[in-house]
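The letters A, B, C, D and E name the chains in turn, as written, and every chain counts its residues from 1.
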Amino acid sequence: MIVVYILLGLMMLIAAVAAIQMRNIVSAIITAGVVSLIGSILFLLAGAPDVAMTEAAIGSALTTVIFLFAWSRITEQMKTDKKSSEHDSEGGSND
Amino acid sequence: MIKRIIIIITLIGLSFVLLPLFLNMEDAERLSELSQTYVTEGAEELGTANLVTAVVVSYRGLDTLGEVAVLFAATAGVTLLLGTKKKGGSVTDLLEERRGGSELLNTGAALLFPVLLLFGAYIFVHGHLTPGGGFQGGVVIASAFVLLLFIESDREFSHSVLHSLEALSGAAYVLIGLIGLWFAAGFLDPRFLPSGEIGRLLSAGAIPLIYSLIGIKVGSELIGVVDSLRRRS
Amino acid sequence: MADFIYSIAGSIALLAFVISFYRIIAGPELADRVVALDTMTILSLSGIVFLTHLLGRMIYIDIALVYGLMSFLGVIAVARYIERGL
Amino acid sequence: MVLEILGALIALIGSLFLLLASIGIIRMPDTYNRMQAGTKASTLGSLLFFLGIGLGHSGLWGKLLVLSLFVLITNPLSSHVLARALHFIGKSPLLVGYDSRDDLADDMNQMEEL
Amino acid sequence: MITQLLIILGAALILVGFWGVLTRKHIVKIIISFSILDTGIHLIMVGIGYIKDGSAPIIDQEMPVSRLAGNVVDPIPSALVLTAIVIGVAVTALMLSYAVQLYTFYKTVSIEQIKELKW
């Protein structure tokens, strides 16, 4: 039994370090969701099913969704900024 | 360079702060006295099968009230920062067309939406019998509406309905607490309704009622958060 | 006897969990990671159902129910982000 | 007792399918192949696993049935949405020795013409 | 044993999250580090409430009232963590909305380039 704890804990640590090290933001968000997923299994093993349910519902599903909504909003603004700056430079060259 | 050294020193200091926690802890053989009282008398006094629910709703009810207040403050902050629509149409003109959901996704979401609503209601009504309760059920209900946002992201939710649901459930929650103060022993004491038999749906006094109100409040608040965070066109 | 075979099945499921976790960490692209996450949620559902048997508490199955409904939201969110539909 | 051993054997077969799914996840050459290996094998494996656990514990039948329904609805749905998204960002499957054939793009073109 | 394991794992997660908060430049990365730090704190609290060979404090056929004493874990840390997770998601949403607003004002996601916040 203790082996399962240690294995899950190691996976959780690796996922946490990888989430912080990854260059791609969406990959980092997914990996942070995996940290929460393994955490909820650990909570279930430690006899706290209420916490496990909350962590599974919130930590690994809703947090991922909220991060992605916010990040897609930021990337969309990045795109429009890039487009508008290109427009500005073109206008400047015409003058 | 100096920055890096400061960071390393901070981390080492933090680990020394956390070290005594690790050294002094063994697996406890028995509960502390307060928890022992909650565990042995909670079932008898309140009639709940899930003792975590008893602690959340009744024994530590004031904490939950404060937690709901913090949640409300955070939601209000998100709405204040992002909720207003953009002025001026110059930004929206440059947006590229957003792709709609496929037909399979639309059908599946339409199939799953009532299931998710029903399931969330099941979770928070059975909060005193099985794991789960108002918070988890509220999240499941919020996720049903998030699913609607996935298939059609221009969908507008009625803000007045959300706000009135949230305000009404919050007010009813405090009101039930005050009724407990009047008819039973203290604030948020659920024993003004009959306790009933352990394991039945209609038992544990007012706990299912209180947890349902918390579930509706949390659900409407989280829908508000996601609705403010999504992209506007 | 039955318990022994059950525990072998659980160990194999745990092994499968670890293997698909490798793809999440090593996956060269975002798409591979999402595919691995999709598989991993199903594997963890089986794991939670197995823990229900192992720990001997029937009520733990509710966590599997909640997770089974919520888990695919994350995958769909990433997919809609990729195709710019979010 | 016999039912329990039968359930355990079915759970063992299910776990072997789960292992197959994860091996497919790491051994297949490209994303679409990984996706089909991971989704199909893990759906069958988890359904067999639930059946095996349900044979051992008679009290769990109702909830396991609901759980199987959820898996049967959500798992193909999520993989369909994911495959469609990958197609739209221009990722093409690895087809060695075959002509590439893109039915979804043809359909989309037809719809645009209409 | 299990308490110690959970506590050392939680402490390691707190350190990893803190390291991420201190060293990363990307603002969304910093928020991800905060959520990892949160998970570490929750693990420590659940670990403190663990009782040897404990099960969930829920009464049903497998855990009747007579077996309750000495066989169930502490319900108080579970209740606290339950509320802490929900507050955590609300605070994460608040931080993300700040990130979106910072991007709209400064047109950058790197905190190195937001000079007004430095001292």
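By our rule, a residue touches a chain if its C-beta (ideal position, glycine included) is under 8 Å from a C-beta of that chain, and two chains touch if they have at least 3 such contacts.
Predicted, not measured: the structure shown is a model, and the values here were computed from it.
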{"item": "Co-neighbours of chain E and chain A - touch as defined", "value": "B, C"}
{"item": "Contact-graph separation of chain D and chain E, given in steps at minimum", "value": "2"}
{"item": "From chain B, the most remote chain by mean C-alpha position", "value": "D"}
{"item": "Chain A and chain B: spacing of chain centres that average the CA atoms, whole Å", "value": "20"}
{"item": "Centre distance in Å when chain B and chain D are each reduced to the mean of their C-alpha atoms", "value": "32"}
{"item": "Rounded Å distance between chain A and chain C, as computed from the means of their C-alpha atoms", "value": "17"}
{"item": "Averaged-CA centre spacing for the pair chain D and chain A, given as whole angstrom", "value": "24"}
{"item": "Residues within chain A bordering two or more other chains", "value": "48-50, 52-54, 57-58, 61-62, 65-66, 69-73, 77"}
{"item": "Per-residue multi-chain contacts in chain D, two or more chains", "value": "74, 77, 81, 84, 88"}
{"item": "Set of chain B residues in contact with two or more other chains", "value": "50, 52, 96, 99, 101, 105, 112, 130-133, 135-136, 139-140, 143, 146, 222, 225, 229-231"}
{"item": "Every chain pair meeting the contact rule", "value": "A-B, A-C, A-E, B-C, B-D, B-E, C-D, C-E"}
{"item": "Chain E to chain B touching residues, read off their complex", "value": "1-4, 7-8, 11, 14-15, 18-19, 22-23, 44, 47-48, 50-52, 56-60, 65, 68-70, 72, 74-76, 78-80, 82-83, 85-87, 89-91, 93-94, 96-98, 100-101"}
{"item": "Parts of chain A lying in touch with chain E, wherever the complex brings them together", "value": "2, 5-6, 9, 12-13, 16-17, 19-20, 25, 28-29, 32, 35-36, 39, 42-43, 46-51, 54-55, 58-59, 62-63, 66-67, 70-71, 73-74, 77-78, 81"}
{"item": "Chain D - residues contacting chain C, complex", "value": "1, 4-5, 7-9, 11-12, 14-16, 18-19, 21-23, 25-26, 31, 34-35, 38-39, 42-43, 45-46, 49-50, 52-53, 56-57, 59-60, 63-64, 66-67, 70-71, 74-75, 77-79, 81-82, 84-86, 88-89, 91"}
{"item": "Of chain A, residues touching chain B in the complex", "value": "48-50, 52-54, 57-58, 61-62, 65-66, 69-70, 72-73, 76-77, 79-80, 83-84"}
{"item": "Of chain C, residues touching chain E in the complex", "value": "55-60"}
